[in-house]
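See the structures that follow.
Both complexes shown next keep chain A, but they swap its partner, so chain B is in the first and chain C is in the second.
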Partner chain A sequence: MVQKDLQTEPESLDRVDGRPKVTGTATYSAEYAVGNLAHSVLITSTIAKGRIKNINAKAAEESPGVLAVISHLNSPGVPGYPPAKQPAEPAPVGTAFRVFYDELIYFNGQPVAMVVAETLEQANHAASLITIGYEIATHQTDFEANLSKSAVALSVQRSKNSPFQDYGRGNPEAFDAAEVKIEATYTIPTQHHQPMEPHAIIAVWEGEDKLTVYDKNQGVKSAQGNLAQAFKLARENVKVNAQFIGGAFGSGIRVWPHTVAAVLAAKKLKRPVKLVLGRELMFTSVGYRPYTVQKIAIGASKNGILTAMNHEGTGQTSAYEEHLERTILATRAMYACPNVFTKYRLLNLDVNTPTWMRGPGDATGMFALESALDEMAFALHIDPLEFRLQNHADTDPERNLPWSAKSLKECYELGAEKFGWKNRLPAPRSMQKDGMLVGYGMASSLYGFHRHPSKARAVFSRKGSVVVQSATMDIGPGTGTAMTRIASKILGVSPGKIRFDLGDSSLPDAPGQNGSSTIPSVGSAVHVACEALKTKLLKLASEIPGLNLQPDQMTIKNGRIFNLTDASGGISLSDVLKYHNLEQVEVTEESKSGAERDQYSMYSFGCHFIEVHVSPLTGEVRVKRVVTCADVGKIINYKTARSQSIGGIAGGIGMALMEASVMDHRFGRYITNDFVSYHIPVYADVPQIDVIYVDKPDVHVNPIGSKGLGEIAIVGVAAAIANAVFHATGKRVRDLPITVEKLI
Partner chain B sequence: MKPFLYYRPKTVKDAIAAVASHPDARFIAGGTNLIDLMKRGIVSPEKLVDINHLPLKKIEQKGGFLRIGALALNSEVANHKTVLQKHPLLAQALHAGASGQLRNMATVGGNILQRTRCNYFYDTAFPCNKRTPGSGCGAWEGINRMHAIFGTNEKSGQDSCIAVHPSDMCVALLALDAVVLVTGQQGERRIPFGDFHRLPGDNPELDSNLLNNELILAVEIPDAPLTRHVHYLKVRDRASYAFALVSVAVALEIDQNNIKTARLTMGGVAHKPWRFPEAEKIMTGQPVSESVFQQAAEAAMQGGRALEHNAYKLKLGANAIVQALKTAVGKA
Partner chain C sequence: MQEKPQGAGDPDDESLKSDQRLADRRLFLQQSIAIAGLSFAPGNFFGGSEAFAEELPLGDAEKVKLALSVNGKKHRLSIDPRVTLLNLLREQLGLTGTKKGCDFGQCGACTVHVDGQRVLSCLSFAVMQHGRKITTIEGLADGNQLHPMQEAFIKHDGFQCGYCTPGQLMSAVACVREGQAGSEDEIREYMSGNLCRCGAYPNIVNAIMEVKNNGQKV
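Up next, the complex of A and B:
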């Protein structure tokens, strides 16, 4: 088995943009020095449903420095919206929220007006002078109280092939007939991405029909398309720049209303406008992981073979849009079980629309499934790891296809060995240390493989440097570093001479950074582009007389082309271009999936082993040790991959132990709308994390053999922690987060 | 935020006059709380009197007590040699509060006067009697997981306040019998720590008994043989940088396994740092034992009154007291 770590991969690259990031020279969206910039703040609704009766903006408009107060009453209008009706009518379900469109309020925290001023302070002060009158309607925001109203999503009803249709394989009575049964309900609360960098935009109109935005998002190309559509502009006339992103976790996948609002304001004022969301607005402006309730029923034989798995998930969505996520899908593919039934429902509430948050659906679903597996293993008196091994799916039980690659058994073995799983005493509350209850827990993880068509341009210039470009993103994983590594290996040029450009919509097409698809998609494009560039360079070299370069012998290393048989001969790449009188050699290539998608089932797999200590008196849980092991195909750059895994584990610790957005349903408004009350892990919460990869290329997925890592890093973590807490305390917590009152 | 005047006085007298001469003026020191309050529109003073340059930073041992200047930084106090030697409980409590960066800005006076972190207080879209007297208490029938179990009564319902005082330092100062030295237009006065903060009653907008225009000069901690068996236990939702669900300060003087003196205070449970004289009495004269600790804990939590989401604090409080006492005597 191949196991990669810092010792075995000392050539692992440091982050190519690490220095500008830590020295503060990296420019984030809100930091672009744009001339004549106006500053804006959003005013948001303080009711959850109803109508705006009036907006008293007189004092604000007369306040020093104020340039405009914009609302539905005077918005220049978004050309892509249909004309507003009089009186306003609620938009049909499936309509993205339209900013400053009409007087209707759909959720608490909805943008209702915007103040634009010469300075941020002036805008803020003026905003405090505005009063808004509402006609309040009865709202429904309480998930538990409204659960009976959940239903199959309209979009699923309309689509026979939707994966969210009710699913079944095998015998529906299998659960009833099972020798041993577990039935339980698992709940996760609403959780927010809350990246350190708040969402921000600077919108600049260059004339009537050209727009440039510096906008925090996870996909410059999709933002470009979206803004072009909204403002009826030619796509190429919209430039979106998002070179540096201070974390996003999914909050930047969509173009949100605040972005449109800033573009509108800039249009109205004919000058650049900046908008930075305050932390409290980050709770209602850019989506969240939806409140989800899951019922799981598992049956097994006494000797530990799964005979039935029924999984029902219901997620929260807004009144105007349907957000669906993979909650119940993993259950169909994860274990070799002949009888599996899943249902997925949505509950429309008077809240803003949720969105994808790291490991969307899978992190939620696998919390329930892997908790239930643990409950069953306990009921069967079988070691939780052994139970999973006994039910390992050697082929995809859902699609009846072979896996493109699966090294989950190796993950279990490597992880268990490193963690010392064999030292676990089976009984709950049986292990103690320094007066603390000690728990060992584990969980499996999986994440589907996503690859989208991607392009990359690779340019070799005569001075010996390489520029590789793609309109991909880096929300934190180190995209540029990984791509540099890929290019360097193929082109035989040292990483220091390679520059990778991203985050700019004028670059070659690439998908947004989501669904762990960047390395599989863009990495493949960079690979084929660099291979094509290499072929071109070799061909040019072979045309130079006197060098005796043999096509089947040629290689590139350290910026030189030579025959493998004669390392001292050959020619430098620069001289190749000089000979041909070329300034540069350039290629642009596209890479995408083919028929292999129908021949193989493609997933990443992994597992987490976690030790927690629980105070028997105060119920405080501290994660003391984590070993995480993943099979994501070939690892491109160990150091940045490891950081990504660590970040995922930290996110999982937050999900398990502290993250919860709590709403006061009398107002339909979050009471946890700051960092005082919405807790994310601090350093002291994140212990030693050992990261292990089964570093085997998956030859069926793409030319680089690499699958994504971002999501699988968090999937299963919450379950592993909950399972460890059960082992430590004997208490099974099925509703996250696991706070002290649930344990004392 | 609202535009405001800024004034930097040279003397204490000048500072008090500057605040007294303006109907809506506030002192500002570290600003770690006031700036947040201003940014979120909870307070909008028209004038800030910056006292950072006043000579109130000294930490000095006087005859029989340690005097800590109101402008001494939380981090300076927490790491001060005399504090560590003579009042380790205070150092522990300070280290449990906020973050390193905040402790480097926050002053002792500011820490005492920090406002509650009640969510309803912090969001102007909610009713809050403390922020807007008469608007109602959002937490009373709302989400009250973080709220008070002591010092509330019928008056604490819709018309009053169930918020808790957020300070860690104050919980230790109360246990150490500290005295707050203040000055104002009527001259200096000394306020025993237990009398400094107040219960909400009919005026939930008032956190303390400090009069308008009065300025905290220093905190004085009397010498006491409470150095060895002390512990500050803070129970919170994460390992660091979170306000207490409950916190416990214990200080014991033990003579041959007998408890000579006991101090027991708690944070996160009332509108002010809370002391348990009954529980202290129960322990005094008793041998060090877990059963005595348990009796004290039970006695302490008697009279605690739970709301919808904070009933756990009754049990957690008792458990935390036992845990803190056990730790203080080295038997955790």
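Up next, the complex of A and C:
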């Protein structure tokens, strides 16, 4: 199966950092060999709300090897923290949690103290000797029990142009008047990113006003800015390194309190400090996909035309800070429907602040919308795919703009053909195999196009090698591989002679790796930088007498410049530099969006077809087959793209079938706090997956015609699985995850 | 039983083996006590000697001598008995290729080979490895020549972020050696202890199948 896929794109590059990753030489944040390193562990609150009465750290401080116990009682302080009480303002409404700031407790698992010692063993032991007295206040952590307290976010109330304002188009009575109606509530529990690499940092003060961190994050530039602001340092005096990131899926977009804690400790001790979060702390320290309840009401005509879609979503946030996501936004753009109304609400609870997790908002919202579409198709006795085709949006119904490109119909066609959708018998429980109930389900997918200003530097050196640099990231998708491919194609230099540098805040500006924006943004910057470098090299070559190189005939291939009419002539790039007595030729270019943003509506589209087998006895669900098809414009490197799509499906399988962070509300504390209690997909849960791309450049979005892939890979997957489960069993599960007790 | 482990021997030396057994036994007892607490330790298990119990290296005061081989290199060490094999490799020997994913034996990222068997290094105290031969990801390739499984992982793109990869590779090699890579389903079953959040599972299965089917020496 794989062989066939590889043949589809024989030029696909192996991952450029494959060798360091398979030999164990790739260096992740906690692994830098820094001298005189002290080790630290965090101690976190065991209550959800209240205040610290006392911290007894005497025994810990006297324990062998201990260098310091740090808490709000003796923290050197973060000069950039706003002084106001929490919740404070301004936007995002509230204030990011301030570590070791005061005695107040906002959530269970809040960092309250830190032990720093010569070794990790000493730090861990000393941490066990600390006792903390609390004054407990009544907490509210139960989303369902507090749902009636949800409200329009304060930040939305203050921003008339917020996309989260109540939205409406058409007739508000349309749903009531519809010929066929369905109305349902969908629930997604809190789910956690849980990348395999725990968040980690080594903080090194190089002087009073100079900081270097080796930190796990998704944006070295944003981390640099954030730390410079927090510690009142000149931006250029903060250096952030993050060359290898062991997955993140959104958990590394922000600079979290533990990072600041390690920097504080290093400052206090005047020596480098390492902090690695234990897996348990990964549930309370780096955000999560928020608990979300959605109500959807859909009306349609008897012949299957959508007449009304009302979508309300309520998401969880902390008591001190607002976090909003796109939950209800997809519904406005996904289908051609004249009457659409959406509302978005937030519920503040005594928990830590959620954050973006792969496909943020859209993975959540499209679970509800695409489940509801399936319910309506069933009610109408129309094939679910046919129903979607009947309501295809040929232009963006929300903004009344043409799509920059949209090949969703082609995705449906390619996916359905590969999957064998036509073999689906419409009635639930009508298909069986080997004593198992067989279900075919499908769902659409979309994700908005994000492109941010980005810079790249490209350097050709006389030795014949190219270095391309940008302060972008690789949390796993293969950024360096894709960028190498872009540079190689433009410069006519083999990939083996190109090095791409990333993950270093001293490199040219680039956005963090999030929102599927890396290829669209940084890929464009690499493209324009390499084009500029090529122009420069061609010009230098054309100035060499005797070669007779014609500006309109010149090309570069295999490291040589020649006239298209005379492939045997020309000159090597190295010799061009030698002739001009140059060691290297360098360019730095910026690339950003222009007026096209107002002329087109820009999205990626796709769909997933999934076959599940459900045991009629135990209710166990097995995903047996997946065909996923995406239209994300031009595919830069098929091999790594395919892996990213497979990863999205695996994430979607977890979201649909097993992932749920369960809290004991008596204590406001997660009882799922490791991989035994919080289940993520294992080998046995993920079958072979067929990945199809339309692979047509979207000429309106950027110079490379390519949109991002990370998010669209997961958006819609949970719905496709839920729809397949309904088809297999006749049971509609609207509360994720779809576990056995909901099916028997 | 009351002797200290000699500890300064050559792991390949036969004369070390009896020391090793002694050390293993004693260290197993230390570990049991550290975990269970003294009050639960049956007295006669230690020959009924209360005095002996008091000599046990509890707390952080004592260093224990240890000799072991890592990727063919012999190490003579004096270590805190609380140090896990994983932390020894990562924090003291500079072998950071072995990864800490959960520290509770639930994710497989820390998988190494101990005398040829796959072992979760986070669940094993370093002092339990006295006299043993450890192979980590850094020792899998033959110099610059990658192991066939490493080649296959690159070819089939059996990873994304790369963090679980060393553990996956060590398990994959063991899986083939154990004769448990006969089919895709068998591989899925015997590799399910190694988690990958990026979802590279299908690609890894293909990599293992290829190595197995090519009959390459692993």
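FYI, the second predicted complex is superposed on the first by the 727 of 744 C-alpha atoms of A that agree within 3 Å, B and C clash if a C-alpha of one lies under 4 Å from a C-alpha of the other, contacts with A are read in each partner's own complex, and residues count from 1 in each chain.
Simple rule for what comes next: a residue touches a chain if its C-beta (ideal position, glycine included) is under 8 Å from a C-beta of that chain, and two chains touch if they have at least 3 such contacts.
Keep in mind it's a predicted model, so treat the numbers as computed, not measured.
A.B. asks: Report for A:28: first if it touches chain B alone, second if chain C alone, otherwise both or neither.
C.D. replies: The answer is second: A:28 touches chain C but not chain B.
A.B. asks: Identify the partner contact of A:618: answer first if only chain B is touched, second if only chain C is, both if each is, neither if none is.
C.D. replies: A:618 contacts chain B only, not chain C.
A.B. asks: Applying the document's definition of touch, where does A:681 land relative to chain B and chain C: first, second, both, or neither?
C.D. replies: both
A.B. asks: If we overlay the two complexes on their shared chain A, which of chain B and chain C does A:741 touch? Say first, second, both or neither.
C.D. replies: Only chain B; A:741 stays clear of chain C.
A.B. asks: Could you say whether A:650 touches chain B, chain C, both of them, or neither, answering first, second, both or neither?
C.D. replies: After superposing on A, A:650 lies in contact with chain C but is clear of chain B.
A.B. asks: Using the superposition on chain A described above, determine whether A:475 touches chain B (first), chain C (second), both, or neither.
C.D. replies: Once the two structures are laid over each other on A, A:475 reaches chain C alone.
A.B. asks: With both complexes overlaid on chain A, does A:121 touch chain B (first), chain C (second), both or neither?
C.D. replies: A:121 sits against chain B and chain C alike.
A.B. asks: Based on the superposed arrangement, let me know which partner A:672 touches: chain B (first), chain C (second), both, or neither?
C.D. replies: first
A.B. asks: For chain A, which side has the bigger count of touched residues, chain B or chain C?
C.D. replies: Higher number of touched chain A residues: C.
A.B. asks: Who does A:658 touch here: chain B (first), chain C (second), both, or neither?
C.D. replies: Only chain B; A:658 stays clear of chain C.
A.B. asks: Taking the contacts chain A makes with chain B in one complex and with chain C in the other, which residues are shared?
C.D. replies: Common to the two interfaces on chain A: residues 121, 124-125, 674, 676, 681-684.
A.B. asks: Show me the residue ranges of chain A that touch chain B in the complex, using the header's touch definition.
C.D. replies: 46, 108, 121, 124-125, 128, 280, 435, 615, 617-620, 622, 657-658, 662, 664, 666-667, 669, 671-674, 676-677, 679, 681-685, 739-741, 744
A.B. asks: Using the touch rule from the top, collect the residues of chain B that touch chain A in their complex.
C.D. replies: The contact residues of chain B facing chain A are 1-3, 40-41, 44, 117, 119-120, 122-123, 125-126, 138, 141-143, 145-146, 233, 235-243, 245, 312, 315-316, 319-320, 322-323, 332.
A.B. asks: Within the complex, which stretch of chain C touches chain A?
C.D. replies: Residue positions touching the partner: 59-61, 80, 82-83, 87, 90-91, 94-104, 106-107, 109, 136-138, 140-141, 146, 150, 153-157, 159-166, 169, 184, 187-189, 191-206.
A.B. asks: Would you pull the chain A residues touching chain C in the complex into a rising list?
C.D. replies: Contacts found on chain A: 1-2, 14-15, 17-28, 30-31, 33, 39, 63-65, 119-122, 124-125, 193-198, 244-247, 249, 276, 278-279, 475-478, 639-640, 642-644, 646-651, 674-676, 680-684, 686-689.
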